[in-house]
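Going in written order, the chains are labelled A, B and C, and every chain counts its residues from 1.
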Amino acid sequence: MSRRWLLLYVVLYMALLYAPIALLPIFAFNDGQVIAFPLQGFSTRWFEGLWTNRTLHSALWNSLVVAVISSVLAVVLGICAARASARYAFRGQGAVMGMIMVPLVLPEIIVGVSVLIVVNTVLGLPLGLWAVIAAHVLICTPFAVAVLSGAFQSLDPAMEEAARDLGETPWGAFRTVTLPLVAPGIVASLLICFTISLDEFIIAFFLTGASPTLPVYIWGLLRFPADLPIVMALGTLLVLASIVLLTMAEIFRRRGAARAGRKDSGGFL
Amino acid sequence: MGHGETSKGWALIAPPALYALALLALPLGAVVVLSFFTQDFLTLDTTPTLENYRIVLTDPGFAGQLPRTLLVRSVTIAGLVTVCTVLLAYPVAYYVSFHVAPERKSLWLFLITIPFWTSYLVRVFLWKVILNFDGVVNRTLLNLGWIDEPIRAFLYSPAAVVITLTHAFAPFAILPIFVALEKIDRPLLEASRDLGEGTLRTFARVTLPLSMPGVVAAVLIVFIPTIGDYVTPRLVGGPDGLMIANLIQSQFGRLSNAPMGATLAVIAMASVGLISLLFVLATRRWTR
Amino acid sequence: MSLIDLSGVQKWYGEYHALRGIDLQIAAGEFFSLLGPSGCGKTTLLRTIAGFEGIDAGTLRIDGLDMRGVTPDRRPTNMVFQSYAIFPHLTVAQNVAYGLRRTADGREEKARRVGEALEMVGLGGYGGRRPHELSGGQRQRVALARALVLRPKVLLLDEPLSALDRKMRETMQSELRRLQRQVGITFILVTHDQEEALIMSDRVAVMFEGAIAQVASPQALYSRPADRRVADFLGAMNFLPAEVRDGRVEIAGLGACEVEPEQVIGAGGMAEAGMRPEAMTMLDVQPGEGLREAAGTIADRAYYGDMTYYMVELPGVPGHVTVSMKNRPGSAVLDVGAPARIGWDPRAVLLFPA
């Protein structure tokens, strides 16, 4: 009885969780200029508009560059941290790991503002995509660590020792044994960091300078009612892209779990 | 582990640690330092002074007392968001932990987290569509005949901010609670039932207290970042729904008074930090 | 000259003194076991030989070469890990071929060696399998093949049988013995199971708290343990207060007897007499010849099918002594509470310092 009510509640909760996203395609394919009911009929013209929009393309390109570079850097740093915490025990480890994980809870505006101050006021450099990348690496690293820790922690330390024992150098052992075993985790964390960076607005808004990233560009569009249907169409594509990326990430994460022969229990965090 | 292991561990963790230090600790320090400087139009005066703090905290004329109003409002809104998020999230976490088959749990978590990763800006904007004068909610209520004319108060109000942020942070609250619930030994619950406690009382006396660490983590992980959001207040908050982050953002943008922005950021951080600290201390006896 | 030579080896984990001056020589072709309770430092010693742990003092030589600073990949040792550490992303054949990657052999020669090694451990035809398709016993065999294919001078095995069920363990015990004779390589086996050590080894080192208490053949270890701890750890032993006077020994509850010098471990004066349960007999079940007799009461009994253990109270002795009897067809099982006549052989007595 009480379990039925609980299920009902959960279903309702999930429905509400997805409700806004579900509205996206509805308005994206709506022929009307105004984002409201009643709907005006089916149209793909907003999507067609995306193909020819030069500013949009350059913003997308900026975002892709930022997302690729930051996710790679974040995952490299994440590998170091995850491996250090899984493999070695040393004094001060907890504090250092804490410092690396802090951006997870830090308000993003603080990250944006503080990096802005360093770039602008302390270093006196012009803003630009590189500053966005620097900040995105900072906030993506904790997510990478969270995903990779699972992969590294479930790795039998004897595995690498066995490789050494069988004649491999330390690097050879890492490359031929550890890396293949954590590879799915690496791919998963790359995809997640990519998704986060691609979608990040609050920090990018402070640091992006003259060449906007995609979310900053969208923010600009939101001010003009005439552009809103385009935002809907763009949003639909972005949500689709995120879902595909995250599904791939989840598949890789699970494959990693299966490969390391461990039971799968948790999600990303 | 010998000394070699320790130094290897340090060598390995050094790159991410140094990066966090360079991009986090140092910039935060810079924010604090800058907050003691002043800006006169375009020139930065680097004589250390508490002037900014005095203006923000005591000057009745500054920006129409806006900082204090916004700070109080931000904390209130963040608090409300936190309470709503955690209360609403708990049953979901409970359901997934206790009533979902183990092999399906990770799929559920995946479904819960997906909306969180996707198109933050657009999602917030969609709430505007939903809550608008001619939006989804008003239309539905009108069609049901529950109201005669659309309710304008849905949008551009603190309530709209609370609703939107609660929605945005939902997975952040579910995950830590879920993790805490998963850690509870199932035989422990059976033992409680075996000792004659009913389902509800077992929940109140065993499950809930044991899941408190997760609840506390959820509170912090929602409360702290919420303060820093300026998109949601801007899009759905209206003038009465603006928060401290909007003010900070405008100091760096339109008003171009970085020292004042830094001061506001420091004050916001300090307030959040203090409240979080008090909360952690107050809940110590459940989390240890 | 011995193949492995440790002298004065010390190892610290921070404040913890894990190896406290190990002196040990192991000959080529020996099946050698390190036996001791959990936590006594067996694994540490094994990992020291393999090169995974450095040593803080003393020397370790393998084949006459000082191993200081020599990493595991350059030592003539290979290891079978307790968890087997089979690479889950490689097939059985790829696992076995792993160590051959850096050898000069050609492709075909490598394949031949892999096939040979798998054949040797009874896994011919399993080369294409994935590790997760194998049983525990089969993984163990893969680990063995993977190490032996490199023809090391020493094979190190860390509790290789502890994860197997009893039947499988017994099979693998004889299998390991057979393999060792076949390849003639020195095996060093770590185990906490005294029976396993006795069954399999040419010689056994018994360790307690980071130090070696005794190194001897299984028979010598059992029949003439170096001290009380060793005697206690290997099988069971009854200890009775004893007093040595004018070359005669007065054993509480049993009586007086004379002992040969080789039965005396340590000094005279107050001592403790040790007797194995099987060195005594219940005369009412099975009479023996030339035995001394003592009287007591049966306090308890444990029936094991093939054996019965009697706990016998002796007058003037605190606690009880245990006497084990083989159950032969038609032999009686005595009741608890009944009077007991114990037969004992003075030649089976060992005298330990008190």
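By definition in this document, a contact is a pair of C-beta atoms (placed from the backbone, for glycine too) under 8 Å apart; a residue touches a chain by one contact, two chains touch by 3 or more.
Small disclaimer: the values here were computed from a predicted structure and weren't measured.
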| item | value |
| --- | --- |
| Identity of the chain that, by mean CA position, is farthest from chain C | B |
| Chain occupying the middle, per Cα centroid | A |
| Centre-of-Cα separation between chain C and chain A, whole angstrom | 55 |
| Euclidean distance of C-alpha centroids - chain B vs chain C, Å | 60 |
| CA centroid of chain A to CA centroid of chain B, Å | 18 |
| Contacts with two or more other chains, residues of chain A listed in rising order | none |
| Contacts with 2+ other chains: residues of chain B | 1 |
| Set of chain C residues in contact with two or more other chains | none |
| Residues of chain A touching chain C in the complex | 156, 158-159, 161-169, 176-177, 180-181, 259-261 |
| Residue numbers on chain A that touch chain B, as the complex places them | 2-3, 6-7, 9-10, 13-14, 16-21, 23-24, 27, 35-37, 76-78, 80-81, 83-85, 87-91, 93, 96-97, 99-100, 102-111, 113-118, 120-122, 134-135, 137-138, 141, 145, 192, 195-196, 199-202, 205-206, 215, 218-219, 222, 231-232, 234-235, 238-239, 242-243, 246, 250, 254, 264-269 |
| Chain C residues within the chain A interface of the complex | 50, 52, 71-73, 77-79, 81-83, 85, 87-89, 98-99, 101-103, 131-132, 146-147, 150 |
| Residue ranges of chain B touching chain A (in the complex, touch as defined) | 1, 5-6, 8-10, 12-17, 19-21, 23-28, 30-31, 34, 44, 88, 91-92, 94-96, 99, 102-103, 105-106, 109-115, 117-123, 125-127, 129-130, 132, 134-136, 139, 167, 170, 175, 179, 182, 199, 220-221, 224-231, 235, 245, 248-249, 252, 258, 261-262, 265, 268-269, 272 |
